[in-house]
Each structure stands twice: as structure tokens, then as C-alpha cells.
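Next come two complexes built around chain A: one with chain B, the other with chain C.
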Partner chain A sequence: MVVVGRKELTLAERLYLPEVMRGLALTFGKFFEKPITRQYPEEPLPTDEVTRGQPRLVVKDDGNIACVSCGMCEIACPAYAITIDGGETDRAIEREPKKFEIDMLRCILCGFCEEACPKDAIFMSNELELADYTRAALVYDLEKLRRPKSALQRRIDYVYKLSARWRRAK
Partner chain B sequence: MDKSLLSDVPQVAIWIARVVVIFGGLVTTAALMSLAERKVSAWMQYRYGPNRVGPFGLLQPLADGLKFLFKEELIPAGANKLLFRLAPAMAAIPSMMTIAVIPIGTLVIDGDTIPLSIAPGVDLGIMYMLALGGLAVYGAILGGWASNSKYSLMGGLRASAQMISYELSLILSILVAVVLSGSLDLTKIVEAQSHGFWNVFTPFGFVAFVLFTIASFAETNRHPFDFAECEPELVGGFHTEYSAMRFALFFLGEYCAMTVMACLNVTLFLGGPSLPFLENTPWWLGIPVFLLKAAFFLFLFIWVRWTLPRFRFDQLMRLGWKVALPIALANLLVAGAWVAFTTKGG
Partner chain C sequence: MTKIQINGRELEVDPKQPLIRACHDHGVDVPMYCYHPGLQAVGSCRICQVEVAGAPGQPSRVVAACRTPVSEGMVVQTDTPKAHETRRECLEFLLKNHPLDCPICDKAGECDLQDYSYNEGQGKGRSSEPRRKLHKRKSLGDVIVLDEERCILCSRCVRFFTDVTKKAQLTVEGLGSRSVINTFMDKPLEGNYQGNLADICPVGALTSKKFRFQARVWNLSKSLSTCAECSRGCSISVESLRGKEVKRFRPRYNAAVNQWWMCDTGRHALAPVTRALAPAGAVLGGRLTGAAVRGYNGLEARATEDTLPLVADMLATHSGATLVLSPFATEEEGKAALELARALGARPQFLSPAPNGLKDDLLHTGDPCPNRRGLTELGFEPVEPAALLAQLATAPAAVLAGERVLELVGHDGLAKLPSKLRLVAFDLEAADHACLHMAISVPTHVEKAGHWTNVDGHRGVLNVAVAPPAGVRRLDQSLQTLTRLLAGVSSKA
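So, the complex of A and B:
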């Protein structure tokens, strides 16, 4: 049997008041210290290239979308969030999506689409905020998903760095 | 003969002005206290506190008040409807009424002296305060009972048990101030201290002051003695079932009671609107001095709340009956004996 002895209180402790004063002094000391709260909408969350935010489509430097609507990401998506409808173009790369929708309410930000894409067309951005008044507004279409390549460059470099490491390991 | 500035103003107008200023001040203080409570707690916990409504969140009480007004009121099934509706008013009104006898200071306008108090010089001022202060607990008990909820009932019962055990030491420590100043009239008690020698400077006055401060925490249901609304055990205590403005009334009552207790503490032991060790305090300094002292005690209420953990109920009872009461009694005896033996021709 284990008997835990109770600590014998000194007179000052049994009188409460000196200890109360000590406690008050402690909290008063904290009073003037700098708050550590993040003031969220004004001070956004810190993000870096590792941040896996919402997926976005790359627009190449010539202004055309990099996606060729092959449907790999659509198949890779475990949440069935992506819907693609492809169409023909008369450019050298002959296909582009006529419809590309990601249902942001279904998207689980897993990054499988980014891995599956053979054309470096879809990348996880650092955009994290997602709020609207209707469900329909949160099904993002081609217009809402387009991002210039420069905006996603940091993530692209990071993904390349990662895959280079895997290639070396093989 | 020169006419003074106020000689044409009817007395009634001055009375009404006094009531409006003091009562408005009390309710405003209570509202600002709800903000101060949140701000101070935030600062003590490395947070910012409310800072979205108005500059530094100063309009937060207004926003809260509006929210309370527009919220849905629920009356639980099985509640006693009349008493349920009556209880918040029973809690708030007595605590607001007690401010009437507190002498906050005097205004001197063009030679006329106006006491800044709703009812200056009531000869049973302290009795009036205690009677109404005792009434305030009915709000908690009625609210607890009428809600038809076990948590509320427990809260109400605790409120009454606590009130009985602490009212005694509260009254006994007030009596020390009465004995030292020789009057039940709060204005006279202030006058007796107005020459720079406060009641707290005597040894028994000091003990009474400490006891009064502790008892006032219990009397206003504040931490560390807030058993009537002990959240971890009783959800919200006597106001568990209350919503919207009725809930806000309980809150308002609590903060008004705190404000009045702070004012009473200043009046009884800290010389009201006078400065220490000064023969005479100029009248224009009196009111700010009084308000500053009262503000300190209001801050103390909040400060203690965010520092100490809650007592256990039996510890509270033990402290009240076995520690505070004997000390208060002995203290009163010593004070009485000292006054009896030192007063000449008594």
C-alpha cells in the first residue's frame, strides 16, 4: 500500500492571506506582458512552401492553361471532388479543359492531384481561407482556379526538390 | 445681496439631477465592469480581450446589451412563471437601490454645497444598506427555485447558506467602523474620518477592513466564493435556466452589488472622499479621490477572480463560521472597549 503523506502547511499558508497576496502579485506581473494572441484576420496564418492549401491550376507564361484534361487527378482524387470536361484546341498541345471544377467542400487537401498530374498543371497553393454563403459558390470553376505560374513557383520548386530526392533513392 | 448661481434652480431639479447622475453612474459602471472583467482577465492571460467593437472594445457593453435585448427568452416548462419573471428584478433592484445612501463627495457650486448622494444623511444609512443587501439574495433563491432545475436549486440554496454565514462577519466588521465613528449615518462616518485619520489606521479598524473585504466577496457572490454559480458543478447555478435580458439583469445586479460594496468599503474604512493625513481635502479633489479608491476595489474584485481557484463549499463554511466570525466578534469587543475607555465623559 502506498500512503502519500499530505504536506504539512505552515502557519502563513494556513492563514491564506499571505499566499493570496503572492498569487495576486503573480497575476499582476503577467498583467503588463505582451499578449501572444494572433489577431487573425489582420495577421494571417504563416504559410510556406510545405503548406498544403487549396489546389490551383497553373497558367503558363504564354497565357494558356497547363492542364490537358487528361483526367489523372480526377481519378486520383479520393474525395471525388474534381470534375473535368475536356475539349480540343488548335495549339501544339491539343487539349485543354472546357470545364474544370473542384468542389472545395469535398476537397480534403490531400495533394494526390498534385502528385498525379503529368503536366505540372495542378499544385497545392498556400490559400487556406474558405468561406461563402452558399454551397454552390464553393464549387470552384476554371475562372476561380486559375493562378499564374509565378504565384505557385515556390510550391513547384519544392515539389521538384522532393521528387528529385525520391529519384535519387531509387 | 448677491444671488448665488443655484438660487433660482428649484430643489426638486437638483434632487432629480443627483439621482440621474448617481444612478446613471452606477449602471454605467456596472456595464463597464463587464468589459473590464474581460479585459483584465485577458491581460492576465497574455490575451487582448474584446477589441473589435469601438476603440479598444469600449463599446462592447453596448453591443452585449443589444444582443441580450434581441435574444429569445426561454421559460422552462414546469417553472413557476411569476417568480421566474420576478427573480431577476429582485436580484437587480435592491443592489441598485443601496447606492442611495453612499456619500460620494460634495459639489460646491458658487458657494452652495451639494452633497453628491441620492439620500445624504439618512440616520439609519447602514441599516438601510444591510436590509437591502440581504434582500438581494432573494433574487438568487427565487430564481433558483422557480426554474424547476436541480442545478438552479442547488445554486440558490448555496447562495442563501453563504449569505447567512458571511453577513454576520460583514455586519460585525461594519459595526467596528460604526463604533469608531459613533454613528450609523454614512455621512457622519465620512465626516469623522475627514480629518485625515481613516478608520483603517487603527489596528481593529484594519482587521475589520480585511474581514469586510473578504466578506464582501462572499456577499456579492464573487470568486473565490461564487458557489451560487459554480460552473463546474452547477452549470450556471441559480441562473442556469435564464436567457436574454433576464440573465443580463442578474449580471447587472451582481456588478451593481460589487460597485456598491466597493463604495461602502471606501466609505467605512478608507475615509470616503478624503485624502489621508490631510486636515482638509478640497471638495474638487474629493470626488476623483473617492472614485479612484472605489475603482481600486472594483479592480481587486476582478483581480482576485482571475488569480484564485474556487474554495470548496465546506471550506467556505468553515472559514466563515470558525475563522471570520470569532475574529470579527473579538475585534468588535476590543474596538468597543477601546472606544469606551478612551472617550471622555462617555
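So, the complex of A and C:
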């Protein structure tokens, strides 16, 4: 059996009050320092182009969606979050998504869809918040996923910069 | 048999077949675009080139395997640097004008050009010339649409019409780099076999209008099955999107029945297997998912398990019932129906609608009963819809069993039957006829397993391609339960 001896307390410690005062001094001292916490919902998180938020679909400047529903992101998605059904259009690019759903509860924000896309149609946005009352509302459809190209431009430029670097490295 | 050597293996091969067949039959992969085992070989794409050793003292030659007959003692190498280099050069020229359409193209995933480029081709084009610009969406009739830019001019489609349907309809028009596929005088394609063009096209140039952009092919689950449209019973594969919705029927090779082909009637017969379900709680206006029993307010929904005892009671009290099976009934369902017929003392009959006039020389028999021979061999007698209606007018009770049986008897005729006839239908949909007292749901032919025997006695297989909707019981099980219940009821009485 191991016997652990108890530390002998000093007089100040045994008196109890000085130690309480020391603790309170530390607490009151913090009142006058700059806070390190953030008032989150009121103060949004800072994001930049490196932030890999939820994936969003690019709407080109002519108002058409860039996606041609080729299904590459659907196949690349490791979490099976994406479901696409294609259909025909009258435009020069004959194919477009009729249904494009991302189950945001399944999405793990890995960015594989962004990497797989041959048409620069899906990018990771800086949107991170995800809250609703039902699960069904968190399966985002085409309308919820559309973003104008300008809103994603910083990320697009960043991805292009990165891929140029990879190409050079090769 | 001729002895040849392929990649160092001594093989005995059929001397009547070209070298490429000898390679494929023995598991040696040789790429091909213009060659199709069902068509005459022309050797236009040159992608099947292999190295053949020359006479002693002579250098080896590179030959097109599809146009080279096998000869005794031939020594063939498919994997040498020389063969690969020649094929890669051919591929580079084929890809010279082929657009980078794979994300949009329907063929992506089952495209020979895509596969071989991935295996053998180079990632970058070296040509600085622009690609040719042609029609991207040229309609060739009601079934097929042509993308001229994607075409690699293999001429399989041209030869399909000359070799298989024996009526030339397509040709290669223009010279050199301006060559395109076109119909004669820009007339639309005709005939019942146009859909095969989308299957045999090695690239995405000819695509099916009905299937266009409906699904990515790698999302389709395939299931071996048999076509339901005529008594030929072509071997098909039923392809369903994510295992739920049937998207297309495609022929699958069967030397004894349909070879590589199928008719458009069968290919596009998706409507009977993709019916919408009846609204929740309702029994009419769509597919029935449980059972329906006639009450004071018309047909009311009920569980199948609760309805079968009612059917048994009714059949026990109304002796002399007629039993008629749908022409789509499988052998297994036929056997179950035969036992029921014995229990009822009824003559086993199956419904045999009149020939539909689609008979041709190639595949379609014009007879809309896919299992006529199978049911006849089991002892069922065919009965025409008109004769059946005459029988039903005097019968006390009747059981019509199998998918689409009410539709094939004719709703007009059934509506005129008196309500004193106790009619029980095992069908996909119920109908509000006065005589219809009970209806029980059945699976479609893509939702059940079984066998059909075609007109020549070939036994075709059916497999479950998509799961039946919740509440739908197999017809053979329902009939067996009914026979068992009937025995219980009569022993009690």
C-alpha cells in the first residue's frame, strides 16, 4: 500500500482569507483587460478565402447556372451528401440540373466536390452556419444553393491560384 | 479449328471468325470502335491493330485485327510497344476533332472512346488547329438525336441498317474532314429498330431522345430480365436509377433469342412499370398498394392479409368461378394459379389479346403474350377478351389475376357487366366497375422474379430490378394463401 503524505499548510494558507483575497484580485484584474471571447451570433466569425464552408453553386454572369449535372461531385462526395438529376435545356450547353440536392447534415465540408468539378460550378463558400427546426429543411435544393459568381469570386481566385501552383509543381 | 498463338498462349480458334473475335473469346482485350460482332467488319477506325509475326526472316507487321482472318500458326502480340504506339497514334487522330463533352455527354461512363483514351491515350492534344464545328443536336427521327461533332465515323450505324434491318437509311456524307453521318435526303429514320443505334454507337454521337440526360449511367443498377412486349422475350437489362426508378431497357446479348438487338416498342415500354401510386388512403387514381374491397361507399382500402380470407369466403359460397391469368404471369405464378384452379374446379385459362400488328421479320412476333408458350405448356388455355367477357356475363364469380389484366380485358366491357358477378382482380390498378368486388395489388414484371418461356421455347429469366411498393405482395404467394384458405373454408363447411 502506498501512503501519500499530506502537504503541511503555511500560516497564511491556514488563515484562509488571504487566499480568497488573492483569487478575487485575479478575477477583478480581468475586468480591466481586453476580452478574448467573441459575442458570436452578433459578431460573425471572420472568414477568408481559405475558409472551407458549405458548398454553393455558381450562377454565371448571364444568369444561368454553371452546373451541367455531370455527376462528378456526386461520385466524389465521400459522405454521399449530393444527389443530382439532370435534364435537357435549349441552351448551347444542352444539359442542366433539374434537381441538385446537398444534404448539409451529411456534408463534411471536405471540398472534394469543388476539386472534382470540371465546370467550375461548385465552390466552398464562407457560409458556415447551419440551424433549422427540421432535418428536411437542411437538405438544400437548387434554390438554396445558387450564389452569384461575384459572391464566390474570392474563393474561385484562391482555388485557381492553388491549382496553378500544383500544376507548376508537376 | 485453327491453331494460333496470342500473347504466347497456344489457342485453338474458329477459322471463320476474324482475329479480333479469337482474341476476345480468349479473354485478350483488343480495343474496337468500328468492329461489332453483329455487323460486317470494315476496318475503318484502325484502333484494333495488333502485331503479327512475319514469315521467317521477315519483319513483323501491324494489322487490323477485325479484318484479318486467322491462319494456321499465326503468332499474334497485342501488348507490344509497336502495337501500343500504333493504336495511340490512331487514337490521337480520332480525338483530334472529338469535343471535350464528357461532362455533358450521355455516353460518359459507357463510352469506348473514353475508356481507351483513359487507358492508352495521352492527356493533352498536340494539334493547334481548331476542332471542327458541326451540328450538336440534329434530330434523326423520333428516337435518335445525332451530335455530329462527337462522331468518329466508325459507320456502325450505317452498317446496322444495311446488315441487320436490311434497309439502308444512313450514309456517310461528304469527303475527308467534312464527312458526317446523315440520312438519305435528310429524311427522318423509320422502323422499329432505331433505338439500337444509341447502343452500338461507340461514342456519344447517337443518343436516345427518351433517355437523354435522364441519368448518369454509373448511377444505374442493372438487372437481367426479359422483355414483356411480345412473345419473342428478348433478353434485356433493366436499368434503374439508384435502384428505384426504372430508366431504360437495353438489349443484352443472347445468341438464341435476340443477339444484340431489341425493338423500340420493347425498349420504350417504360409506362407500365413506372406508374404513379394511388394517393395515400385512396385505391383509385394510380397504382394500388394494398387491397380494395367494395363497401357501401364503393371501393375501400384494406390490407391484403385481411382481404384474402374475404376472397376465400366468397369463392367458397359462389361455386363455379372462372379463373383467368394475365399473359404476363410467370411460370411460378402459373403453377400457383393451377393449384387454385384445381381447388375451385375451374378451367385454367389465360388472357390472350389479339396480335397487335407489329410483327416483323427481325424480332417482334406481334403477339402481346410474353409467356404464351410457358402458360400453354402448364395447361392453360388462351381466351380472347371478347370471349372472356361473354363467359363473365353468366359466371357467378371470377378471379382475374396478373398485371394489367383488367386493362387488357377492356374497361368498357367490364363496366357493362352486372354487379351480381363477384369479380376479384389481382392487378396493378383497381377500377370502379360495379362487378369488381375486391382488388389485390400485384408487382410489375420488373418487381418480381420468375420465368417466361418465349415462342421458341427459350426460358427467359425475370429478376427483381426495383423493390415493389410497400404493401404489394407477390402474386404467387397471394394465390397460394388463397388456395390454403379455400381448403380451410371448405373443410369447415
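Here is the rule we use: the second predicted complex is superposed on the first by the 142 of 170 C-alpha atoms of A that agree within 3 Å, B and C clash if a C-alpha of one lies under 4 Å from a C-alpha of the other, contacts with A are read in each partner's own complex, and residues count from 1 in each chain.
Convention: contacts are C-beta pairs under 8 Å (C-beta built on N, C-alpha and C of every residue); 3 or more make two chains touch, one makes a residue touch a chain.
Since the structure is predicted, the reported quantities are computational estimates derived from the model, not experimental observations.
Chemist: Between chain B (first) and chain C (second), which, if any, makes contact with A:Y133: first, second, both or neither?
Modeler: neither
Chemist: Just to be sure I read the superposition right, which of the two partners does A:F28 touch: chain B = first, chain C = second, or both, or neither?
Modeler: Once the two structures are laid over each other on A, A:F28 reaches chain B alone.
Chemist: So in the superposed three-chain picture, is A:V20 touching just chain B, just chain C, both, or none of them (first/second/both/neither)?
Modeler: A:V20 contacts chain B only, not chain C.
Chemist: Taking the stated contact definition, name every residue in chain A that is touched by chain B in one complex and by chain C in the other, in rising order.
Modeler: Common to the two interfaces on chain A: nothing.
Chemist: Write out the stretch or stretches of chain C touching chain A in their complex.
Modeler: Checking each residue of chain C against chain A gives 102-104, 108, 136-137, 212-216, 218-219, 241.
Chemist: Would you tell me which residues of chain A are touching chain B in their complex?
Modeler: Its residues touching chain B are 16-17, 20, 23-24, 26-28, 30-37, 39.
Chemist: Under the definition above, what is the set of chain B residues touching chain A in their complex?
Modeler: Answer in residue numbers: 40, 42-48, 210, 303-304, 306-308, 319.
Chemist: Where on chain A is chain C touching in the complex?
Modeler: 68-72, 74-75, 84-88, 92-95, 118-119
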